[in-house]
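Order as written gives the chain letters A, B and C; numbering starts at 1 within each chain.
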Amino acid sequence: MLDLVADQGAKVAAQGLVASPLAIRGLTVSYGQKPAVFSVDMTVQPGAMTAIIGPNGAGKSTLLKAALGIVSPLSGQVSVFGRPLEKQRARIAYVPQRASVDWDFPTRVIDVILMGLSRELGLLRRVRARHVSYAKECLKRVGMQDFADRQIGQLSGGQQQRVFLARALAQDADLYLLDEPFAGVDAATEKAIIEVLKSLKEAGKTVVVVHHDLATVTDYFDHVFLINTRKVAEGTVAEAFTAETLQSAYGGRLATAQIDQISRALG
Amino acid sequence: MSSEEFVPLSLTPLLIGTFAAVACALPGNFLVLRKQALIGDAISHVVLPGIVVAFLLTGAISTWPMMLGAAGAAIVAVVLIEAIRRLGQIEPGAAMGVVFTTMFAAGVLLLEQTDTSTVHLDVEHALYGNLESLIWLDATGWSSLWDLEALAGLPSELSRIALTLIGVILFTWLFWRPLKISTFDEGFARTIGIRTGALGMALVITAAIAAVAAFDAVGSIIVIAMFICPPAAARMMTNRLETQIICSVVFAITSAVAGYVLAGYGPLWLGGADAVSAAGMIATISGLILALTAMFGPCRARVGVQNSS
Amino acid sequence: MLWDALSLQLGYNATLVAIGATLLGVSAGVTGTFLFLRKRALVSDAISHATLPGVCLAFMVLVALGGDGRNLPGLLAGSAISAWVGLLCMNWLTRHTRLAEDAAIGAVLSVFFGFGIVLLTVIQTMGVGRQAGLEGFLLGSTAGMLWADALIIAIGGAATLLLVVLIRRPMTMVAFDPDYAAARGLPVHRIDLAMMGLVMAVTVVGLKIVGLILIVALLIIPPVTARFWSERSDRVVLLAGLAGGLAGYVGAAFSASAPNLPTGPIIVLVSFVFFALSLFFAPVRGVLAAVLRHLQFQQRVHIRQGLLALAQDQKIYEPLTLRLLRRAGLVRADGVATDPGKARAAKALRDEKRWEVVRSDQAHEATAALYDGLRDIDTVLTQDQIAEIDRRIGGPQEVPS
């Protein structure tokens, strides 16, 4: 009896190892003849907030898009909670870069949030009051409850970003992937977004963010993944976010003064 | 006009024109939003070679082989455009221009090489159809609508376009959500498992079927006009997709009815003797509606100045 | 027969048509290139369809004035005016409403063409009975082309070419980067309009030979063809003129060599043949070259990844990687590295380490930008530099290789 329990414990532990929310092996993605991402392995820790950082053009967004199957890789494998991506779509929510959608599209904020429910709604099920009130709740979590009936193009950049975050919340996923959510948004939005992300983490969800602001990494995240075409470092902020790894990822492109500043902040 | 004249002479052309206009306007909404409006243009040009090839293969003017030929040509064109765009890394507009002009030229050449003097098959007919000739000779008045014998004499174009319209409505209704999501945000659509490539192809094929069925009755020029003008005018009226679809249907019906009536009776009012092309007039009216909405529509201006990230 | 036609020995009319078609092909190819580089190729479709109402109105005016409705200069003037109106409508729709350019093009082309057809039927009912000449404008008709017609085409084509030569620089700049051109103080909107005006001129000139539906082909296909052969815009312009002129000449000659070969469609099909050949066989941008390059590249990536995995004793997951390594004799059938495999793997890993140093060192910034995961480091650094890097890495790599 005792053996059985111990055995099960071992099994759970083994599964915990295998079933990382997002595990990538040997991923290479190339636009034309230059790989944007080359032979990258990544293992995201469950329940953590991970930042993907690296210089411009280092393949951060590409890595995320390949993980989601939006771009197809030249080689490599992706598994989500231990199973192939296609079987796990329902457990992933994605917040794209804002530039990627048509802002002139005839749709209201609330319609965008309801898109997050499309798995539940399927092709033909009708949108009922409970769906709408759930969508409004998601809007409220990002502080956008007063904008439900606006056309999305009428919002400011930061507000648009919050709407997309709310859509991801509506999906009620286990793994959240965000592509530069803080790019070009106002301070209030940045604060609102990070609050929501922290609450997701507290609820046991896994969050992965493509991030470009080195100064806020230590405040916002507990894990980092440094990439410059190849993986440079991966681990907790203390392990992987050091002057040495930054130098290695950014090379000449990061002023020495900046690195000094960050390493001082790190103590 | 008495019902003895209206029902046999005008009812069926009116219905056929209206059904064709709506069948094209519905997928047109998504094509316009996806910036693929000219797919309709390309499809309607390649219908001609499709029909000529079908005629050469079967040796007769019969409807179903010709519809199949036209639909086949539309699919070949779409596949070719996509292939040239990807393989040659050419922007979609130019790829489209290469494909549809070439296929149209091939159609004209085949037509010239074939002896079609005994049959009614020519470029003019392909371009502007012959809506006025689709009359219902067996009808004597409204009562004929309940007369099975008279109903059997309805022009077959009517049942075909009606079936097509039902098909188009079903497609739009069934795939409403995925269509909307993937048109708005393709990347997101893929992450929730929508097969955007297949869906886009299905949309284009639906548009092609609508174009071919409408072409059969009203010629290709009206097809392009109905794909683009009513949805474009509806864009100026609203910021909601649902309302936009309804507006586009209303505009399409208005163009068809007003165009047909004006073409038939306008010249008489102006003292002329003969009617003018109904298909051309329907296209003209849809253009006028677009002009009015573009000048006065409440939502005519672009919103959402692109934020650069 | 074809040879007779190609050497212009098939009589007066055939010669006229061949010369006209060649000139038209050259000016359409050259003009169309700017439209294509500006990514607005299908604007020509709207312009050409918008000529129809003008042709019809001009015909009606000419008849009303008691003249011959088929007077070519009069009809061309009418077509130019309505094409210009169509162009302005299209521009207005894209600039002042939310419509994208494709929808504006489609709206203008269908509505103008539909209105033109209404006018055609009006002309049919006018009872002048000479509208047959007008339908020739849909698909072109070269039978019975007059010396005066050919002269108009020649002068029009030459004038268009001259104008293109004059404003080619600003047009290239606007096509390449409109924002930069605007910042340099170029009137982008007006240059665009000038470009469209030239396209319109070519369209009008081409109405007689290829007709309004197929002139679009001559404006689009030769530039797309030329693009496969050069990365320089001035060369693309010249090549497009060459491709267009050749298609016009060969097509006109071919169509004169046998009955039932209408000139317009044949010219279009000839230029499509040029396009198809370029698409597949052009040296750099052609499909064949690209496929070969991609396969080679994919193999390099897989082998490199496989070698790195071998060197670090990692398991190789990809079947393709294993297959490629086995074929190159780097691993055995059971997945264990052979001796050459081990050597190559060690070298790959060491190169990777060296690259790491290079990329984190500001002194090597220019070199670091060349990193793509595949490049051998000895192709970008000298032996001395590599030795210096190896010294910094330290450890067993110092063993002379």
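Note that a residue touches a chain if its C-beta (ideal position, glycine included) is under 8 Å from a C-beta of that chain, and two chains touch if they have at least 3 such contacts.
The shown structure was predicted, so the numbers you read here are calculated from the model rather than taken from an experiment.
Novice: If you tally contacts for every chain pair, which pair is highest?
Specialist: Per-pair contact counts point to B-C as the maximum.
Novice: Based on CA centres, what chain would you say lies at the far end from chain C?
Specialist: A
Novice: Centre to centre, by mean C-alpha position, how many angstrom separate chain B and chain C?
Specialist: Going by mean C-alpha positions, chain B sits 29 Å from chain C.
Novice: On a C-alpha centroid basis, what's the spacing between chain A and chain B, in Å?
Specialist: Centre separation, chain A to chain B: 43 Å.
Novice: Quick one: report the Å distance separating chain A from chain C, using the average Cα coordinate of each chain.
Specialist: Those two chain centres are 39 Å apart.
Novice: What are the residues of chain A that contact at least two other chains?
Specialist: 104
Novice: Where in chain B do residues touch two or more of the other chains?
Specialist: Each of 235, 302-303 in chain B touches at least two other chains.
Novice: If a residue has to touch 2 or more other chains to count, which residues of chain C qualify?
Specialist: 98, in rising order.
Novice: Given the complex with chain C, which residues does chain A contribute to the contact?
Specialist: Interface residues on chain A, with respect to chain C: 25-26, 28, 30, 33-35, 38-39, 74-77, 104, 228-230, 247-249, 251-253, 256.
Novice: Quick check: in the complex, which residue numbers of chain C touch chain A?
Specialist: 98, 293, 297-298, 301-302, 304-305, 308-309, 317-318, 320-321, 356, 359-365, 368, 371-374
Novice: Across the complex, what residues on chain A touch chain B?
Specialist: Listed in rising order, the residues are 65, 68-70, 86, 89-90, 92-94, 96-108, 111-112, 115, 118-119, 121-124, 151-154, 157, 160, 167, 171, 180, 183-184.
Novice: Given the complex with chain A, which residues does chain B contribute to the contact?
Specialist: 33, 173-178, 180-181, 183-185, 187-188, 190-193, 235, 238-241, 243-244, 302-309
Novice: Would you pull the chain B residues touching chain C in the complex into a rising list?
Specialist: Residue list for chain B touching chain C: 32, 35-38, 40-41, 45, 84, 87-91, 93-98, 101-102, 104-106, 108-109, 112-113, 123-124, 127-128, 221-222, 224-225, 227-229, 231-232, 235-236, 263, 267, 272-277, 279-284, 286-287, 290, 294, 299-303.
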